[in-house]
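Chain nomenclature is as follows: A, B, C and D, assigned in order of appearance, with residue numbering initiated at 1 for each chain independently.
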Amino acid sequence: MIRKKVDTVAEALEGIQSGMTLMLGGFGLCGIPENLIKALAASSYKNFCCISANVGVDDFGLGLLFGTQKVKKMIGSYVGENQEFERQMLSAEIEVILTPMGTLAEKCRAAQMGIPAFYTPAGYGTEVAQTKEIREFNGKNHLLETAFASDFSLVKAWKGDEAGNLIFKGTARNFNPLMCGASKITVAEVEELVPVGSLDPNQIHTPGIFVDRIFQGDHYEKRIERRTVQNT
Amino acid sequence: MALTKNQIAKRIAQELKSGDYVNLGIGIPTLVANYVPEGIEVEFQSENGILGMGPFPKAGEEDPDLINAGKQTITPLPGASYFDTALSFGMIRGKHIDLTVLGAMEVSDQGDIANWKIPGKLVKGMGGAMDLVASSENIIVAMMHTNPKGESKLRSACSLPLTGVRCVKRIVTNLAVLDITSDGFLVKEKAPATEISQIVKATEGSLIVPDYVPVMKLD
Amino acid sequence: MIRKKVDTVAEALEGIQSGMTLMLGGFGLCGIPENLIKALAASSYKNFCCISANVGVDDFGLGLLFGTQKVKKMIGSYVGENQEFERQMLSAEIEVILTPMGTLAEKCRAAQMGIPAFYTPAGYGTEVAQTKEIREFNGKNHLLETAFASDFSLVKAWKGDEAGNLIFKGTARNFNPLMCGASKITVAEVEELVPVGSLDPNQIHTPGIFVDRIFQGDHYEKRIERRTVQNT
Amino acid sequence: MALTKNQIAKRIAQELKSGDYVNLGIGIPTLVANYVPEGIEVEFQSENGILGMGPFPKAGEEDPDLINAGKQTITPLPGASYFDTALSFGMIRGKHIDLTVLGAMEVSDQGDIANWKIPGKLVKGMGGAMDLVASSENIIVAMMHTNPKGESKLRSACSLPLTGVRCVKRIVTNLAVLDITSDGFLVKEKAPATEISQIVKATEGSLIVPDYVPVMKLD
């Protein structure tokens, strides 16, 4: 069995450098690699290009990287809900590339799976299509979209083992499994690192081959962005 | 008397057919889930990665690992499933979602939709909207007939950056139900106590008004 | 909840017609829809185009369809191990299109996911590439491959519920999840049809939206093609 | 004395490095799993959908739902996982597999490989071989140096339909270990009690023989 466990966040992030492209799992504040983001925000590295669905809120999630001005380019899909990000975007301190969410997900998967490019109808006829090749299949126009190329994937899972196998929980799964193995190095933090052999091979969402380093995170805050409850 | 947002949602809920998988956008569309008619079995998908989405949780039972695409806490119904976002958009792109309901800033009389960007103002991003409108077979727009400035949102051409082209099938506004036809917006129903002249005045794009326009039934 | 349960194999196959294109899950004899194949073999329909990884053995699996001469075209990847199929192929009674196995899997997924086409390096420089568009990405040549178009997907799962949710077992998963929703109609047979709500939403491999009809199969033989045991 | 098939497998097993994910083809390659050196931790993938493949089951413990790509019954090791065939080939295409070992009918001195089809004879299909050779960074071919007719399988150009082009890195035959270089087959090691002249005679393609060729170590 190939072991992927590292003991510290520092070890998990070894090799990271300013200017690198990072994929960050999570959707909003749900399923985000809290420990890794905090460590990046506290680090001396900067000028990252970040690929992530959203940008967190001002004081949590990916927002911690904007608050510490670590990001020079953001590739995402929906970037509301973070005022500091807004400010940096409007003042052109940060470059922003907006991508349809399904295309974003599939571009991550393509990188993971060695598919260099694929066609999708999303964005045809919009400004997203302006720089893209258009091609008709089955009477419908599609855009050519290419796989992302990135240096580090930072993801969060619910359970994992030392072989790097991951299981996600609920909608905290989101982009996380698609980013595993989609960068040169994939780091996974998990809420619970379990002994090898205790995960049912049939229930593993992401096989360990897609994960290079795994560690048990701590102090998970798991903040809720929009607590919404039934009227009673 | 123009419809309230809840009444728009209620009218749209009448479009639901048993067996429909439905994706509801943020805003008025979200309210549609509250008005599923008796005896109609549908399942709601949220594009971040759940099928079989149920009501909001009871206070104290919120799970941070269970949210919808609007980042609200949710609950699963029996038969629900969770999946990654690529599979989720595979459902959408692969035309497995039967009905998409979303809001819009503008819709053209050819069915183009603009709902993601106002140049010069803050851009929040398209999220899943471009994927949804590019692939859904049945798209209903839920919106007010005019914007806060009183300008028509039903136009001969969208003035705002597009989300998708020739994709909207039906619009339910506070004034009317309209279908997109090759000749423009066809008035199918009008809101209670609403004059056709109000609808005409509030519509900038090509409008077709049949001799008889029934009043929406909301109860 | 949307219910997909049907009570009989006949109901499950309603609408099937001679000349249709069928996707059949399974790899060899592992994870094959035994009940559906038997019903097809016993039916009056014929001239099918079959998409499946392999062709079974003479008297079991997909082989039952060749034995009854139901197939006029076979799209597969590895077609050894079936003598009647060999005979029909060599005598040109049947048209055979051989496809790299990973490309076959991805063409199924593409159909399921609404991706009309994608690029893959598999087969470049070989006769598989002869009719394909070639394109360079990142300094490497790739073939353009398109999504399959088919009428019925016939798959087999381990457990399923009336909402059509599926869980597969071991390597019997193989092509089955990729074919769900990849045809106009998807029929799943399961070893165990469980009550809705008894499957953990986190462990479902194929959400019910990809399945149109589900039924509990019976008399599963689950034959082993190459029983191989440790020397002791 | 030329190597047996088991000895070829044993020599190839020396190429395994700790941390390698390995895909073994049918035939001699399968035997490699029996010779993993002490202290080397590798995981075997089978492309139908398992990572962490272990030994064959004990008699009576065969599970029809657990087979490898050669359709043989197998067992999982601790840390194993099962997945669909698209994810499996994603591992291969995405270059997550570190080493691929497969058999061949012919290899050219530029690293082309032919291993799936003999025109006019029965065609069994390429299975996963074309995906594997198109994407693997490190491909070792395990084969006899000559075919049953005594013809060289190491050729200036493959006469059979190709499986992949310029992809093979190393060949281990019953006579030698050879690397593919820009100048052709470079003899790295020879089998015990084998003369260089035998290797020269059995090789049709460009062959580079260094002044000193060490003898393979097999124990």
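Everything that follows uses one rule, which is that a residue touches a chain if its C-beta (ideal position, glycine included) is under 8 Å from a C-beta of that chain, and two chains touch if they have at least 3 such contacts.
Computed from a predicted model, the values in this text were never measured in an experiment.
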Comparing A-B against A-D, which pair counts more contacting C-beta pairs? A-B
Between chain B and chain C, what's the gap in Å when you average each chain's C-alpha atoms? 36
Using mean CA coordinates as chain centres, what's the chain A-chain C distance in Å? 32
Geometric centre distance via CA averages, chain B-chain A, whole Å: 29
Of all the residues in chain A, which ones touch at least 2 other chains? 106, 109, 113-115, 120-121, 168-170, 201-202
Contacts with 2+ other chains: residues of chain D: 50, 82-83, 86, 89, 92-93, 135
If two chains touch, include that pair; go through all of them. A-B, A-C, A-D, B-C, C-D
Along chain D, where are the residues that touch chain A in the complex? 18-21, 41-43, 45, 50-52, 76-83, 86-87, 89-97, 135
So, in the complex, the side of chain D touching chain C is made of residues 46-50, 55-59, 61-74, 82-86, 88-89, 92-93, 112, 122-131, 134-135, 161-166
What part of chain A is in contact with chain C in the complex they form? 106, 110, 113-121, 135, 137-138, 140, 142, 146, 167-170, 201-203
Contact set on chain C toward chain B in their complex: 1-3, 109, 111-115, 161-163, 165, 181, 196-197, 201-202, 204, 207-210
Contacts from chain C onto chain D in the complex sit at residues 27-31, 53, 76-81, 86, 89-90, 96, 98, 100-106, 108-109, 120-128, 158, 168-178, 205, 222-230, 232
